[in-house]
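Chain naming follows the written order as A, B, C and D, and within any one chain the residues start at number 1.
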Amino acid sequence: MNKRKGHFGKFGGRFVPEMLFSALDELEEAYYDAIKDKLFQKEFKYYLKTFTGRPTALTFAGNLTEKLGGAKIYLKNEGLNHTGAHKITHCIGQALLAKRMKKKRLIAETGAGQHGLATATVSAKLGFSCTVYMGEKDIDRQRPNVFLMEQLGAEVIPAKFGNRTLKDAVNAATKDYIENFSTSHYLLGSVVGPHPYPVMNRNFQSVVGDEVKKQIMKAEGRLPDYIIACVGGGSNAMGIFYKFLNNKNTKLIAVEAGGKSEKAGEHSMSFKGTVGVVEGYKSFFLQDEDGQIQDTYSIAAGMDYPGIGPELSYLKDIGRIEADAVSDEEVIDAFKLICKTEGIIPALESAHAVAKAVKLAPQLKKNKIIVVNISGRGDKDIFILADKLKDKNFFQFLKDYLNREN
Amino acid sequence: MNKRKGHFGKFGGRFVPEMLFSALDELEEAYYDAIKDKLFQKEFKYYLKTFTGRPTALTFAGNLTEKLGGAKIYLKNEGLNHTGAHKITHCIGQALLAKRMKKKRLIAETGAGQHGLATATVSAKLGFSCTVYMGEKDIDRQRPNVFLMEQLGAEVIPAKFGNRTLKDAVNAATKDYIENFSTSHYLLGSVVGPHPYPVMNRNFQSVVGDEVKKQIMKAEGRLPDYIIACVGGGSNAMGIFYKFLNNKNTKLIAVEAGGKSEKAGEHSMSFKGTVGVVEGYKSFFLQDEDGQIQDTYSIAAGMDYPGIGPELSYLKDIGRIEADAVSDEEVIDAFKLICKTEGIIPALESAHAVAKAVKLAPQLKKNKIIVVNISGRGDKDIFILADKLKDKNFFQFLKDYLNREN
Amino acid sequence: MNLIDKQLIKIKNENRTGLMTHVVVGFPSLDKTISIVKNMVEAGVDFVELQIPFSEPLADGPTIMGACEKALKDGVKVKDAFDAAAILSKNINVPLLFMAYYNTVFKYGTEKFCADAKKAGISGLIVPDIPFEEEENEHFIKFCKREGLKNIRVMSPSSTTERLKINSKVAEGFIYCTARQGITGSSKELDPELKSYLTNVRRYFKIPVAVGFGISNKERLNQIKPFADIAVIGSAIIDIINDSLETDLENNLTSFLRAIID
Amino acid sequence: MNLIDKQLIKIKNENRTGLMTHVVVGFPSLDKTISIVKNMVEAGVDFVELQIPFSEPLADGPTIMGACEKALKDGVKVKDAFDAAAILSKNINVPLLFMAYYNTVFKYGTEKFCADAKKAGISGLIVPDIPFEEEENEHFIKFCKREGLKNIRVMSPSSTTERLKINSKVAEGFIYCTARQGITGSSKELDPELKSYLTNVRRYFKIPVAVGFGISNKERLNQIKPFADIAVIGSAIIDIINDSLETDLENNLTSFLRAIID
């Protein structure tokens, strides 16, 4: 097994056409070169501190802890990052790398728009032009983020094929990259894709685990017993898990979208899928017996993805992490609970991690410590929430707004 | 002049009916007692750090600086605070005070919903029940924030009288306070109102100036030549100005909403108003010759207010701060510019400060330093922006969304 | 001698509870204000409170707020209040008081306001939001004194002993006590602690006590009489105005007041 | 001897550029796939590439993607590709190649895939997304070899010398060169650097060179001939299928191919 090739046990790798290979070789080389460079590290930290606002707070969830009556719960509030989620961290890392490689343009795929927003943001800040691919269906569902990306100067191009969602945006972005990699960098948005993306994004994101270590040592004098994170592609999970991998006393739990049911197309539980090789990497995928990718669903747009980062698949395989899933209903309940008890409105993605904590904490002794990764803030989900909660007043507001526009 | 009574020169004071006086006496006493208590200070800092995520970043706006070709511009990004604006800072301060006073409930007024959101948030976090008063017209305009406040467990009550906006919400909240102050604290949302609010909120917010001092010393080795902040009531401005008052080399500029024109009802330039005594304090107000409060307007909901914090009036009067205003158009232009050059989407309130910087910077030498207070982030303003920019795609998104709901 | 003092002596001599009624100047119209006040006086009220409408009536409940809003919308000006007072004071013999918020006074010019009020035949000012603590800068009490206007202090059940003491030093004419903690307007029950509150007020104030807020009928009035030298009727009258056809207004008002006064 | 080798010798002997055409299995239908391929062979093509539809065709342009999507929607299975190959290989004498994405191979089981392909009469596999670097774990080349299937490497203008070297070690049959950096589909001009690119390829590969992507007419074909041992026509054929009435399809295809072949 050659780590340098991006394998994690049998997972990972770089399964791409030759036309992409050189680009990834160049990227890999530039990356390993950059991380040896103190100045690069310094610049990365500079932007994390002065632009995204790191470190993000680790909040003791006193009310939730009391309410659940078990383990102590801490919330790592990644929603406090600039643009409202953890995504900006690897965006800054990759954008600085792209600068080093003298690229002029950043390409990104986006599902819900969070990664696109973060990419558009770093593009503006670091002087790149920016193209974001987004499934046509997602554009129709997530227009507010499209609007914000456009304000930031990004061009948002619809992916009009496939089922016109995230995976099709990945496809379109990859093709753009293939044709334009001499001038452009493909800023992939999670710990997925071919090597070096999973390694690179995990390393950039590992600052989250570093912060948690320091913060929890200060608060509790010891490391946590559990860390819980939601998983779409796995960047926020790997970010908070990575620096704890060697600390076997910290159990790591990755939570997927249980969705509406276990039926194909009604969830995004990639860990329950089978091993495949898609989008350039080997991992668990939701696919049929022919290897065709299946439809997925999640209430959280950022988790509506049929694959999962290869390192997570590996860690699951060797038993270092536990994989679990929670249903839409549990997510909504957890969302409501944490809003009212802790004054934190989590992204629906992050509410999956909260839902797991809500189930786990009461089963644990009071001296146990759980850290939940709140990967993003929830204001972005207001349209989905108002829909689920059937908020008539919100609908009326929209009607009135539209009437004024006519 | 007795500072203890909350006078700033001829401004400020406590012009309230007797039925409110005892409540304010109690509050004042509790406040001065609290700030002498190290534990209170410690608790305040604890929540700022572990809950709201302070310190917020000071970002060097390199692209904007270069584009404008003059002074170096730094952005104090208060939008990185939990709930997305500076407001949470004084909310935490007051809520901790209310806890000390054994109150069980927080009352707040809100215009755009930002202060209501912050109050609802700290209520959830610190275990208060929460009532937010909001003008009926504002509720209709700012439903997303109402929705979020409700998720946080707050009761949002419409003020159905007057012109059904912020000042009427203040009125309604005050009346609730008058009737219920034995159990409730009125968490006023700016450096306005009767003593001790202007002093108290300014002191809580002064942490912003403290942070800027440290951050700019680290970045530049000296204090800035200019600090620019927008002014609704004045809390973000006083927060960033206060610790610089004694440093006469730092010019302080307060920017008001020039709106559509100088006609009454088409702007919110309180500094151009006359001295009056309204809502319990003496200051500049937009009022007619009979002292009746005039209608105000601003593209930024949080600046649509006819008064201004008394300390600001005083500082203007003695020439320590400069007052200026920018038009809606200048604000929109500045908004677009900073989005595209710096990757920061400011609140429309904060975009007023940016607009002033855009005018000022080119007139200054390159060795001058400007700090602009970005009091909040702009995602909250998406409906207003889409309206101003006539974003047909956004309207279509809303139509489709509503169609799915029917 | 100030008309208020005269009237207070008269009530005392007659051994009865005096009655103060309230109008918002210009509501429902300036003409009606004049005729309503005349009606009141004919019905036998002892004091009339003329409220100058203000856009931010912090101490008023929805009823009076609504009346103020309506008056302002109709274009009523501060000057109209002085004019109305001038007309009324020439035609009636009970003391007239201005109820105003301090911004109205301040904006007019406190000194001039007091002088012009005096000229218009006003006997006292009820300005709830100018506490004694601001006197040093504002000189409100000073100018009232200079013009011989009674500066009527307004106290509430929440007023602490300290507040009562402070106000007792500057109170004149009578002390105006709100019967419950809260805004003006009708409510179902008198505050149960009213008695001890008013007893406490009397401990610090040597002047007569007016009790207001929430008096809407004879029964309520009788509840208050044992504790009050003057009973104040405010919102109830505006309710009548709101509920009456224009043609019935004066009749309705007269019958309401007659029923209350006997 | 593998059919591909035979065909390559034949072309060489005839001193002409060979032609490889492409179909998506099951597009526009399974029956049509069979008849289209037969048509192609009758028209004189030398190799036929049968693409097994995959839901995530990363290396294909919109035309082929659309065809794959349509086939999958119609329920085409991987097994159908093997069945089609079996039928065709019995009826025609030109080499058939599977074009597939690696997930299709992997999910089927690489060993079994190769064995079954062999059984179905397939002569070579074009799997663009299984680089040599993964051989250690995947054994794709090993199983190709075991079954005597040509493992056709796909190179692109962006391939570095290092990539050419690495692939040259394992390439078999012919080397498949995309004529421009980018996805399949028709474009207006041939990459100007095509010549130096293909010259470079020939420096490292001793086997014949197939050049594909973007050939839509005789003119384009002639542009390529000097550099190519085999010309590949892909999207252009799908365009014809898309643009033809069902009844005209075979005629249109035949005239297109005839015009190209002479």
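Quick note on the criterion: a residue touches a chain if its C-beta (ideal position, glycine included) is under 8 Å from a C-beta of that chain, and two chains touch if they have at least 3 such contacts.
For clarity, every value in this text was computed on a predicted model and none was experimentally measured.
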Inset, instruction - Name, by label, each chain that touches both members of the pair subunit A and subunit C. - result: B
Legend entry - Residual chain clusters - subunit A taken out, nothing else repositioned: B, C | D
Inset, instruction - Report, in whole Å, the distance between the mean C-alpha point of subunit C and the mean C-alpha point of subunit D. - result: 98
Legend entry - Rounded Å distance, subunit B centre to subunit C centre (Cα mean): 37
Legend entry - Whole-Å gap separating subunit A and subunit B, where each centre is the average of the chain's CA atoms: 33
Inset, instruction - Quick one: which residues in subunit C touch 2 or more of the other chains? - result: none
Legend entry - Topology of the chain contact graph, where touching chains are joined (line, ring, star, complete, other): line
Inset, instruction - So, with touch as defined above, which chain pairs make the list? - result: A-B, A-D, B-C
Legend entry - Of subunit A, residues touching subunit B in the complex: 49-53, 56-60, 63, 77, 79-82, 84, 120-125, 127, 140, 143-144, 146-148, 151-153, 219, 335-336, 339-345, 379-380, 382-383, 385-387, 391, 393-402, 404-405
Inset, instruction - Using the touch definition up top, name the residues of subunit C that touch subunit B in the complex. - result: 54-59, 61-62, 65-66, 69, 72, 77-78, 102-104, 106-108, 128-131, 133-134, 136-137, 153-160, 162-163, 167, 178, 181-183
Legend entry - Touching residues on subunit A, where the partner in the complex is subunit D: 2, 5, 7, 10, 13-19, 21-23, 25, 161-162, 167, 171, 174-175, 178-179, 181, 274-280, 282, 285, 287, 289-293
